[in-house]
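Have a look at the structure that comes next, please.
We call the chains A, B, C, D and E, going by the order they appear; numbering starts again at 1 in every chain.
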Amino acid sequence: MQTALLIEQILNGLQFGVMLFLMAAGLTLIFGVMGLINLAHGSLYMVGAFACAAVAAATGSFWLGLAASLVAAAAAGAIIEVSVIRRLYDRDHLDQVLATFALILIFSEGTRWIFGSFPLYLDIPPLLRGAVPLPGGSAYPAYRLAIIAVGIAVAIGLYLLISRTRLGMRIRAGESDREMIAALGVDIRTLYTVVFALGAALAGLAGALVGALQSVQVGMGEPVLILAFVVIVIGGIGSIKGALVGAVLVGLIDTLGRFLLPMALAGFMDASSAAGIGAALASMLIYVFMALVLAIRPQGLFSAQR
Amino acid sequence: DPVKVGMITTLSGGGAGLGVDVRDGFMLAIKQSGNTEIEVVTEDDAMKPDLAVQIADKMLQSDKVDILTGIIWSNLAMAVVPNAVNQGTFYLSPNAGPSPLAGANCHANYFNVAWQNDNLHEAAGAYATSSGYKKVFIMAPNYPAGTDALTGFKRFYKGELAGEVYTKLGATDYAAEIAQIRASGADALFFFLPGGMGIAFMKQFAQSGVDLPVVGPAFSFSQDILGAVGDAALGVKNTSQWSKDIDNEANKAFVESFQAEYGRLPSLYASQGFDTANLILAAAAKASVKDKDAFRAALKAAEFTSVRGDFKFGPNHHPIQDIYVREVVKEGDVLTNKIVGVALEDHQDAYASECKM
Amino acid sequence: MTISRETAFNALLIVLLIAVPYGASAMGEPFYVTLATRMVILALAAVGLNFLLGLGGLVSFGHAAFFGIGGYVAGIAATHAFNNTPLLFGLPGTNQMLIIWLVAVLLGGLAALAIGLISLRTTGVYFIMITLAFAQMIYYFAISWPAYGGEDGLSIYVRNAFPGVNTLNGLHFFYVCLALLAAVLVLFSVLRNSRFGAALQAARQNEQRLSAVGIAPFRVKLAAFAISGMITGLAGALFADLNRFVSPSMLSWHLSGELIVLIILGGTGRLFGPVAGAIVYVLFEFYLGGVTERWQFFLGLILLAVVLFARGGIVGLVAGKARHG
Amino acid sequence: MAEPVLEIRNLNKSFGALKATDDVSLDLMPGEIHALIGPNGAGKTTLIHQIAGSLKPGSGTINFLGRDIGALGVSERTRLGLGRTFQISSLAPEFSALRNVMLAVQARQGSSFRFFRPVMRDATLTEPAMAALERVGLGDRARISAAELSHGERRQLEIAIALALGSKAFLLDEPMAGMGPEGSKTLTTFLDGLRREAPILLVEHDMDAVFALADRISVLVYGRVIATGTVEEIRRDPEVRRAYLGDQD
Amino acid sequence: MMLLEVSDLESFYGASQALFGVDLAVEEGQVVALMGRNGMGKTTTIRSICGLTPPRTGTIRFAGVAITSLKPHRIARRGIGLVPEGRRCFPNLTVEENLVAAARGGHWTRERIETLFPRLGERRGQYANSLSGGEQQMLAIGRALMTNPRLLILDEATEGLAPVIRQDIWASIRALKAEGQSILVVDKTMSELLPVADRCVVLEKGMTVWSGLPGDLNEDIRNRYLGV
């Protein structure tokens, strides 16, 4: 019985990890590969979720909503890139921090302006509602399995895009020396707009997919932002593989931590305080883990450069 | 005499829904009263304690308000209230009721028009006991209101606990907790997860197929978020001091006029805002706000028609009131709550005795 | 000697900071004193960060840790003094600002030393994130640690005392804070021009170069981190006294972010950058908040305009590009 | 015979399968210019990195002034008197040329933890720095920031910094690179004089300079020293001609 | 036919002027040497031509079309390939990726580059930031060739190369010239440069002070402007 639960929790951890990767995927592209600190990633995630919820409510189809989330987030991304980000590539990273911080404010309040102050309804599509039986007699929600599948597909797709295609090489080249890649005849401005929009679309996709499991509300992107950065940094900036591994590690550690720590503590204190202290420790756990990883490997687990 | 009210509430970010409801309920009452002597200044605290303190300072020192109100969150209330009431201003809480302000740090100028934080959880505990649950799994986020919630529940729940779990504040994925609930062999689930946490949990819980009766305080099933939870909430029992079907004239009028004014159903937060305003209006009709003692006495008397029916203050200026059990139902295609019973009658909070006032 | 535009602008800011609260107080508008105090304290915290970020190029996204530690020092000491209960090892609490400051500075510095020792092994974004990690650990600890209020925080019922000054008088407290800010600004300017400052700025521009002339960058950066933590810790103690309240929100990443924003807004690495940034940010936050409930939207637009059109922040806009001797 | 200033014994370094340094032994004698030449990728810069401390050797010893410095970090070695320049200029770009050099002066004085005295008014810093700039001919560019200097000027600044360190031995990685014909000529004369202050380990592809300056030449190919000798010996060595010099006369 | 015509170029870095009037022309199939002492504006001229430091006044025509105000990538696509000063290989890309990223159809392919510089073939999978200085230089040249330029611009392209390789590169330059490739080159090795150049242009303090045939580059000019 206990082992069955443990196995289920490990599965949950994996699942949570892949979900984290999905949330971080767009950021991996924009931040890890283009080298742009985009604090507004969470806002794009929110845009995706809201677009999906609104369209799904209007049309009754989750799938149309999903498409809308891609379109809306990509459009928002392209607009941001052309009107703001583009002017900041040759500036200090800090200017990007301030600008994208400002974008968070604008997006959050803008979304509330359009959609009101109350959370929106977004449910998973009927097709994916049930549970899938797993070997060993247990079952797992189909929707979560679908998220795992999408996460892994995105990971593979991104990996191929970045490391195998000429487009990917040019993006990476642009990250280290925009001037030089332009001098070789690559229209890096347009390329970056496209890539930024793609990253935004991925954020939006994650927002829609994960939003169906969570709550679609203003501010939903903020915790995502921090987690996504944590995942990418642990994995090593610029490495898709690293981001995936980092995400799964964080997912496992977080899930198992909040499950096992209170149980372990219950050995030598009363249940109620064990639950409280265990939970407190568990909430610090991923940050402890990140600090440890970076203290030992200052470049993350799989840094793309050397 | 003119009364100047300063409303500090949350109008931006994820918690804005609650602030908007409190404000709308409040302003509705002011509008209906036709009283032009009452001036309200409203500002957004963005859920930041230090910003709330700054706004309070501004309202006290610059706007010279007589009464402060509006704060939604306990931590913001703890930041603002002690200083405000010590300076002689009245504070009327339309939502938060942290235990220190009900007990050891109670104050003559502080009135709570909603509930002490533990109240609805206590009622849930009482309801769980009366429903005959023997093994309840209880869960709340790991912060003071969360611990208070579980303490409150346990105060009135007499059975065994199948498990006690504190989640991370702001967590959005509950697969791990749901697995624990499934494995615990519980016969019912009690949880307190305010705001988005509750929405996420209920959706995931419903999808997980774990079939347990669910009890909770009204916060995760109030009108403002039921729409977002969807059918997942159907049938859930929740405890509240207010419901839109409480049978009295004032309440009927309130629900109708609120819907007419804002195009949506009121939540319990709106009712609390509405009551708070009516309390002020009633007191202002009896005494001048400049005469602190008289005004305080007028507030304390609470001679207004509450939408919850009977309403009176205990010695610590916290309400003594009935707390109902509601069930989430569907009316047409709108999700809402229906009263199915009374959990606690004339309930008073547990800290009143610590209050030396 | 000609006065540069930057010097003139700085002098103007100082004069405004001395005069405006005085005038406001005389005209019976004590709130503006409170607002100015808030600016000064946030500026102080940001000067601490500017030391690290502006001179050393080390973007700490965890300075809320030191700010919060300072705040909790004030809050905890005052609570124990107020309730007359012993603090640690039978030591009593205190309501004396001087002692509180000393402890806040020490603890801020020690925490910075400990965090820096590990964090400074990393660079760039890794550094940003590892400092965030440490701050988050302290944040979650504070939220779930019940002894001092957890997320509800801790009230300071009477503002702490300073010998010879009535700190309950807002204007007096303001001048205490302003004096500290002035002292720290002098410190900043002296350090920047010193040999240590030269080494620190070189570390930002090119560490390889620094070690190749025989200066170990790690020690320079660690010292800077500690000094920075001390200053921000001090600001935290004052902030607690201003609000008469501490809570984990002082430790949250929003606050770390806000400090960074203040600096960039004012002008990174500029002596008065944080001051200008704090003044402008607090003013906008306050006025917009009074005008519209959608104030954050407009605040965002304004910040965006500053980044796009005022290179080098406000000081840069007024005084032109920074010169590095 | 005098003691070598710098003594390298059996140094090895691999990058994966690549042996970048293969059992290298080298001496630098007082007053000499010892040129290190070899094809691109032979491991010259890698060797300099190991001597300067920025790369850890796989095995082998490095003695400087009779002391084993293998365990010391970069900055410690510099403080002992081992000055280097970089093949690709490495400067503090925002600092003026003068402040770049002043950094070296303050490091030489061992005083980077002084917090109060303003550096720009400190003649003990500015004067030696200015003198070093004058020596490399950058005197009139002292106030220009390093980022605004032309490529060649940056190379000159690298030398000035090394000079200001007052080192007891110099490791110069392609100092001639980027200097125009005139610059190379001046620098050659300059280095010729410098050897009297401290010996120089000179990595250089500019053969005119090497042949004019070197007392001894070592040739590195695939991480190995294949020959060491005088200018004439090296010039005549058929293997060196084939691997490196080509049909140059 | 005139391939590149630059007249009266004035360029600035921020507020400071670096070029005060540069004139320069490259005919199709010619090799033109751009000369001058350190800091005289050679690199700036090249940057202006490539659109990296757009000139404030003056005109640049390439193959008969004005390219003065075009974006760098448009200029490059018209057929200008740059080997910049200081190499500027993409450090986070491997050798192969550096080449492929620049590729545009034509007869220069990765295989041909690797025949020209076998060293690059051996280092194909290595990140550019771990290459030796000379290897990076080869990579920079290979990368520029991959764009199959009509005009190849070499800014100190033989800097830091071993004499044998340098001879190889000069040999390749001669071979390229023989194929009809037009080249604008900055280099300090006069002994190699002058024989291959069809014309020389000498800059002094950001101005063209002399231009003509290599044979006419007399003692006086050399002393005055080149310091030799």
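A few notes on this one:
By our rule, a contact is a pair of C-beta atoms (placed from the backbone, for glycine too) under 8 Å apart; a residue touches a chain by one contact, two chains touch by 3 or more.
Predicted model, so just to flag it, every value in this text is computed and none were measured.
Looking at chain A and chain C, the chains that touch each of them are B.
Between A-E and C-D, more C-beta contact pairs are found at C-D. Comparing mean CA positions across the assembly, the chain most remote from chain E is B.
Averaged C-alpha coordinates put the centre of chain A at 48 Å from the centre of chain D. Spacing of chain D relative to chain E, judged by their CA centroids, is 28 angstrom. If you average the CA atoms of chain C and of chain E, the two centres end up 50 Å from each other. Rounded to a whole number, the gap between the C-alpha centres of chain A and chain B is 34 angstrom. Looking at chain A, residues 108-109, 112, 276, 279-280, 283 sit in touch with two or more other chains. For chain C, the set of residues that touch two or more other chains comprises 140, 143-144, 146, 294, 296.
The set of chain E residues touching two or more other chains comprises 130.
The list of touching chain pairs reads A-B, A-C, A-E, B-C, C-D, D-E. Interface residues of chain B, counted against chain A in their complex, comprise 11-17, 19-20, 142, 147, 150, 161, 164-170, 172-173, 175-177, 179-180, 183, 195-200, 203-204, 207-209, 224-225, 227-232. Across the complex, chain A meets chain C through its residues 31, 37, 39, 84, 87-88, 91-95, 97-99, 101-106, 108-110, 112-113, 226, 229-230, 233, 237, 276-277, 279-280, 283-284, 287-288, 290-291, 294-295, 298-300.
Per the touch definition, chain E reaches chain D in the complex via residues 13, 16, 36-39, 43, 85-86, 119, 123, 130-135, 137-138, 156, 159-167, 188, 190, 226-228. Residue ranges of chain C in contact with chain B, taken from their complex: 29-32, 34-35, 38, 140, 143-144, 146, 149-153, 155, 157, 239, 243-245, 247, 249-250, 254, 285-286, 289-290, 293-296. Those residues of chain B that touch chain C in the shared complex are 11-12, 42-44, 46, 48-51, 53-55, 57-58, 60-62, 74-75, 78-79, 82-83, 86, 98, 100, 105, 142-145, 147, 166, 168-169.
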